[in-house]
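Note that chain A is present in both complexes that follow, paired respectively with chain B and with chain C.
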Partner chain A sequence: MTAAPAPAAAPTVPGPRRGRRARSGVSEATRRQQARLGVLLVAPAVVLMSVFLVFPVLNAVYYVFVDFDGLDTTPPFVGLDNFTELARDRDMWAAAWNNVIWIVLGTIGPLVLGLAMALLLWGVRRGSTFYRVVFFLPYVLPQVAVGVVWGWIYAPTRGWLNRGLEAVGLGGLARGWLGDPHTALYAVLGTAIWTATGFVFVIVLAALRNVAAELVDAAMLDGASYLQRLRYVVLPQIMPVFLMVTALTLIGGFAVFDIVFVMTGGGPANATEVLGTYAYSNAFQLSRISYGTTLALVVTALAVPVAVWLNRLQRRASTEGLGA
Partner chain B sequence: MRSSSKVLVTSAVCLLATACTGQSSSSGGDGGGGDGERLVYLVEQLEDADSLSRLEDHLADFTESSGIEVEVQQLDIDTMRTVLQTRLRAEDGPDVISWGSGPSFAGALAEAGLLYDLTDAYEENGWEVYDFAKERVTYDGKVYGIPGEMETVGLFYNTQVLADLGIEPPRTLDDLRAACEAISAAGVVPMAFGDQDAWPGSHLLSMALSSAVGADGMEALLAGEGSWESPEVVDALTFWQEANQNGWLGESPVSIDYDTMTAQYLSGEAAMIPTGSWFINDLAVGADFESGYVPFPAPDGEGVFAAGLGSGPLISANTDDPEGAIELLDFFASEEHGEWSVENLQTIPPRPVDTEGLEIEPLLAQVLDDVSTLSEGGGQLGYNIDVLMPEAFNEAMFDGIQALLTGQSTPAEVAAAMQAASQA
Partner chain C sequence: MSRRGRAYAPGRPGIGRHLTLALLALITLFPVVLVVSTTLKSTQDVRANPFGLFSSFSLENLDTAWTVGDFDSYLLNSVLLSVPSTLIVVVASTMAGYAFARLPFPGRTVAFYLVVFGLLVPFFAYMVPLYFQMRSMGLLDSLIGVNLVLATTQLSFGTWFMRAFFADLPTELEQAGRMDGASEWQLFRQVMVPLVTSGMGALAVFTFLQQWNNFLVPLLYMPGGGYRPLTLGLYLFIGGRSVDIGPLAAGTLITILPVVVLYVVLQRQVTAGFLSGAVKG
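So, the complex of A and B:
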């Protein structure tokens, strides 16, 4: 290594006993100490991230290229075989299609319902806290408990849904919701939407509280209809928050696992299988750890670009001066 | 600044050291046998706190006689499936585990070298179990465990309901069809069944097929010498398709989980229930009526019980105290333990048990006597398929039967999928 040349005509500035004073007025020794302190301060986070994030990810990447069954400590290298199999796996494509349905309906549903509920309660002051607590409650309940309770609701003979349908003369629609391959996915999705709507509602309602009321009033005076005020005045102001909620809900659609696992386990006959449950089943039931890991990595790889894109949209909305 | 840097460095080092250091085991070892005075016994999650308490009390007898303490650890079956191999490889892993005996369970662990070879211990200790049960824990000529409990799968029926309708317990498939028609006409669900958990479906096939092809036919299928696409398999599946289409399995059975299924029978909503001998325990606790238990009917005569082994004790290859672990297994193989498990867990030990003098339900006594007679050459026992086949096959069978019951697949398609999975 060569030493950096000293500035030729640097003015001699009387400084502390050791070291020179930088332009900012901080001596180099202090800067070095600050740098060391900085390194020390971030070291625990770096170590934790390395141990709990970087290492597992690298480990997962390793497993993708071998054929690990959970037992063999020296699994054979298989190159891209897991990806080749994945591309040809019809069950994987069926699960991926269910994910697509989940992402579309599971994102649009809570956003529309949550926004509608938030708009309804926007101007409501009395009992506002009560509504927020009630609607947010499903989101904080354990998914396992939610799944079990909704399983009872959907039960074919004693379930409340079928009883309700029979009570209003729609008994012909009664069925075993979770056991019918045509309805099972939508039944589970309905539960997930019920859970996520409260989250969207609370966040959007908080954003609506910061919307400039004078702009809405001005639009109203200008003769803008309700939908026009919503489209051109309200939504642009809450757009960054709305995009953030969209991103979280959408990414949840890629990674969905628990609610499906609890309510149907991916059945009947794979009708509700999503990539998460399919990866689990391969990794831990069929002991195909490598294939399961490959599926999990693919899910991650699909979710990241969408998350990044939505994040950029959100930042752009913020920097354009929009936002609640 | 310097002193604060030192504090930070010290803190960081401590944090790192804490993060990188595993949980230290207490004196005597958290596992791995440690000092030979304490064993860790890992079991699948017991049904309730009372069951755990009874097991610990029972193991206290072992501690008293041997001086070896046993710490019982529990894991639910899904977690156990996920972490068991890792725990067995770890230095502080369990010494003895209670785990399934099938090829996907103990067989896989034995193949990976994670189980202790008990071939010599069998001879030295003279452990007696039914021959076929010992075969199930033998892999590559080495014995790796003591079969813990036996299970039979058949048809329970509510004696009162059948008597009221003038129906005899069904012995042939035609008897069963007639019984289902009569029960259905009386407004009662003929057979409580729920396949949301997928595994109960395999019992339907196990019992119908065992009765149709007998022990030899099942052995041929399980050994890969017979075809899962054979007419007998298709016929067995066709019967359950017919039962479902006629409503004999209740409404939308694939929407119903196992607990709801048993509740249907226990509440009197259903007259029969196709399930396993473990259900006797539930009957003892939850039924206020008398039940009978028969093999599933054969197409042209009396059927046979499908039998399988439940979980049993195995020793970790990494145990630090194999002698102590073998002593514990010797305790589990004893007649006293067999009687204890019959009385307290209502399970069937894989060895003859004298039921006289035991405080047990008459139905359990009947099952024990039947199993004892059948296992010692007095008849045939069929096979419970899912404990003997690899997971890939089981998945094809589970999914296939769900698809059959939801009208997505025909019996022939399910049979073809199972055949393909058996050859994969």
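So, the complex of A and C:
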């Protein structure tokens, strides 16, 4: 425990050489004043986080081991029953599988599109601000509004997507995209990719600005093709940032909720149910509060390895001076 | 200058590249254009000619959403939920960020781990027990309670964000201030805070957008419907009967308009907020 404060305090010491000397030059009275002010300044944040974050998290851990119905003040202890039920729950596995599809496609889609768009804009000067603002816009919009609009686009008879398909002679594919269990998940995913692409795009574009132009020039003089330059010169330089975006998009995929909830509510016939919506409906619609909480905690725990990986990437990126 | 740009491109950015970008921008913007166009069409035109863009002009959809659809009160509630929670986040984060960056104080390690904990645990993990906690505290359907929850969801990030700004300031400032006889509080309030106002501004814009867009917190903790914000109002609007697309489009426009305006005007701050939120963690 004695070693613990060191890593936490380390990054906050302002300039390694000066800080040390300045601190030892500080008088005892000043130090006491600093301690008092420090406590006062963190107090509001600490109080809020204790009440509205730590306490409910501890409660969540408690809920997992009891069977709470929302009314019972002394819910019965059930041990690991919630977990064994979870393992046997077919609907849960169906939701988990949808979540896997979501995470895979919902990560690859924005990464590929965002990278392609960033490469496309890289080096373009005229209108570059306009494009940046436009491409990032979907990510800034409230997901509810996004869901509403895409609902019209996917609508069966008056939807723009079907209309567009007819216009190019693919009218046979027309359908109610959100009402058809075979397409609903992919339709919602399409909307999610539309919003997340701008996020990847902006971060990759910022990373591209730090790419050493001399190396790319040199590779071009050596006769490297576009793809070779991309593969051997450009991508390695933006890789740390690229991996970070990957991790962030992955983490977002685990706890996806808003967009699915608004567009389909998990339907039709559970075709778009993901762990987030399944946990919600268990806890708040079926009053299976302990079970819903268990699901929510499991979803969170699944994302932890990715979060740890992300943390490691960030630390490496900042030691290499790449932390944008 | 333009060397950097040209270096990678096979030649000058050609017409093909500009055309592709313009097409992509069009696709990206299309849903937003659809909202604006549908809002401004007449009710009859929306029904008869769903695929016409800007084919008529009328404010009746906006009027219906505003009066019949209750979007006037939703708008007010959105303000009542976003502005106070944003202020709490900016003030509390600036204070805590300074303490973590510059002050030695007892309990610092514990407090620091609390912040890191908040960065790692998503709202989703504890939303269910928080509902029952809010119920027993009498904070369901309360502006104060929901504002405090909204603020707490952004507090860890805010503290982290402001800490970085304070950590970058040179130590000479402190020493000079102390030699002039300033107290530690005066040092914070009169010397340090004025130097990080740009950071506070970026944090305010970013936090405001997050709170404005938040859907799950009011959905869960405003069950009575007394203070429904725009996001929740819009959701209930589609959930109800089969709605006319026209007023729904108008409601959507009212919901996104403040976001779009703020983003377009302050796009540098907004993007910077999202970038540092992501890249620095």
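Brief remarks follow.
Here is the rule we go by: the second predicted complex is superposed on the first by the 260 of 324 C-alpha atoms of A that agree within 3 Å, B and C clash if a C-alpha of one lies under 4 Å from a C-alpha of the other, contacts with A are read in each partner's own complex, and residues count from 1 in each chain.
One rule holds for everything that comes next: a contact is a pair of C-beta atoms (placed from the backbone, for glycine too) under 8 Å apart; a residue touches a chain by one contact, two chains touch by 3 or more.
Computed from a predicted structure; not experimentally measured.
Look at A:142: by the touch rule set out above, it reaches chain C but stays clear of chain B.
Residue contacts after overlaying the shared chain place A:186 against neither chain B nor chain C.
Of the two partner chains, chain B is the only one that A:177 touches; chain C does not reach it.
In the superposition on chain A, contact of A:285 is made with chain B only, not with chain C.
When the shared chain is aligned, chain B comes close enough to touch A:156, but chain C does not. When the two complexes are overlaid on their common chain A, residue A:268 makes contact with chain B while staying clear of chain C. After superposition on the shared chain, chain A has more residues touched by C, the comparison being chain B against chain C. Look at A:83: by the touch rule set out above, it reaches neither chain B nor chain C.
Counting contacts by the rule stated earlier, residues 33, 36-37, 41, 44, 48, 51, 70, 151, 284 of chain A appear in both its interface with chain B and its interface with chain C. Partner chain A is touched in their complex by these residues of chain B: 1, 4-5, 8-9, 12, 15-16, 19, 78, 81-82, 85, 104, 108-109, 111-112, 114, 195-198, 250-257, 260, 391-392, 395, 399-400, 402-403, 405-406, 408-409.
Residues of chain A touching chain B in their complex: 33, 36-37, 40-41, 43-44, 47-48, 51, 70-72, 151, 154-157, 175-181, 264-265, 267-271, 281, 284-287. Within the complex formed with chain A, the residues of chain C that make contact are 2-10, 13, 17-18, 20-21, 24-25, 28-32, 34-35, 38, 50-51, 88, 91-93, 95-96, 98-109, 111-115, 117-118, 120-122, 124-133, 148-149, 151-152, 155-156, 159, 163, 167, 169-171, 174-175, 178, 183-185, 188, 209, 212-213, 215-216, 220, 230-232, 234-235, 238, 245, 248, 252, 255-256, 259-260, 263-264, 267, 270-271, 274-276, 278-281. Per the touch definition, chain A reaches chain C in the complex via residues 4-5, 8-9, 11-12, 14-15, 18-19, 22-23, 25-26, 30-31, 33-39, 41-42, 44-46, 48-57, 59-60, 62-63, 70, 117, 119-127, 129-146, 148-153, 158, 160, 163, 194, 198-199, 202-203, 206, 211, 213, 216-217, 220, 226, 229, 234, 241, 244-245, 248, 255, 257-258, 262, 276, 279, 283-284, 289, 292-293, 296-297, 299-300, 303-304, 307, 310-311, 314, 317-318, 323-324.
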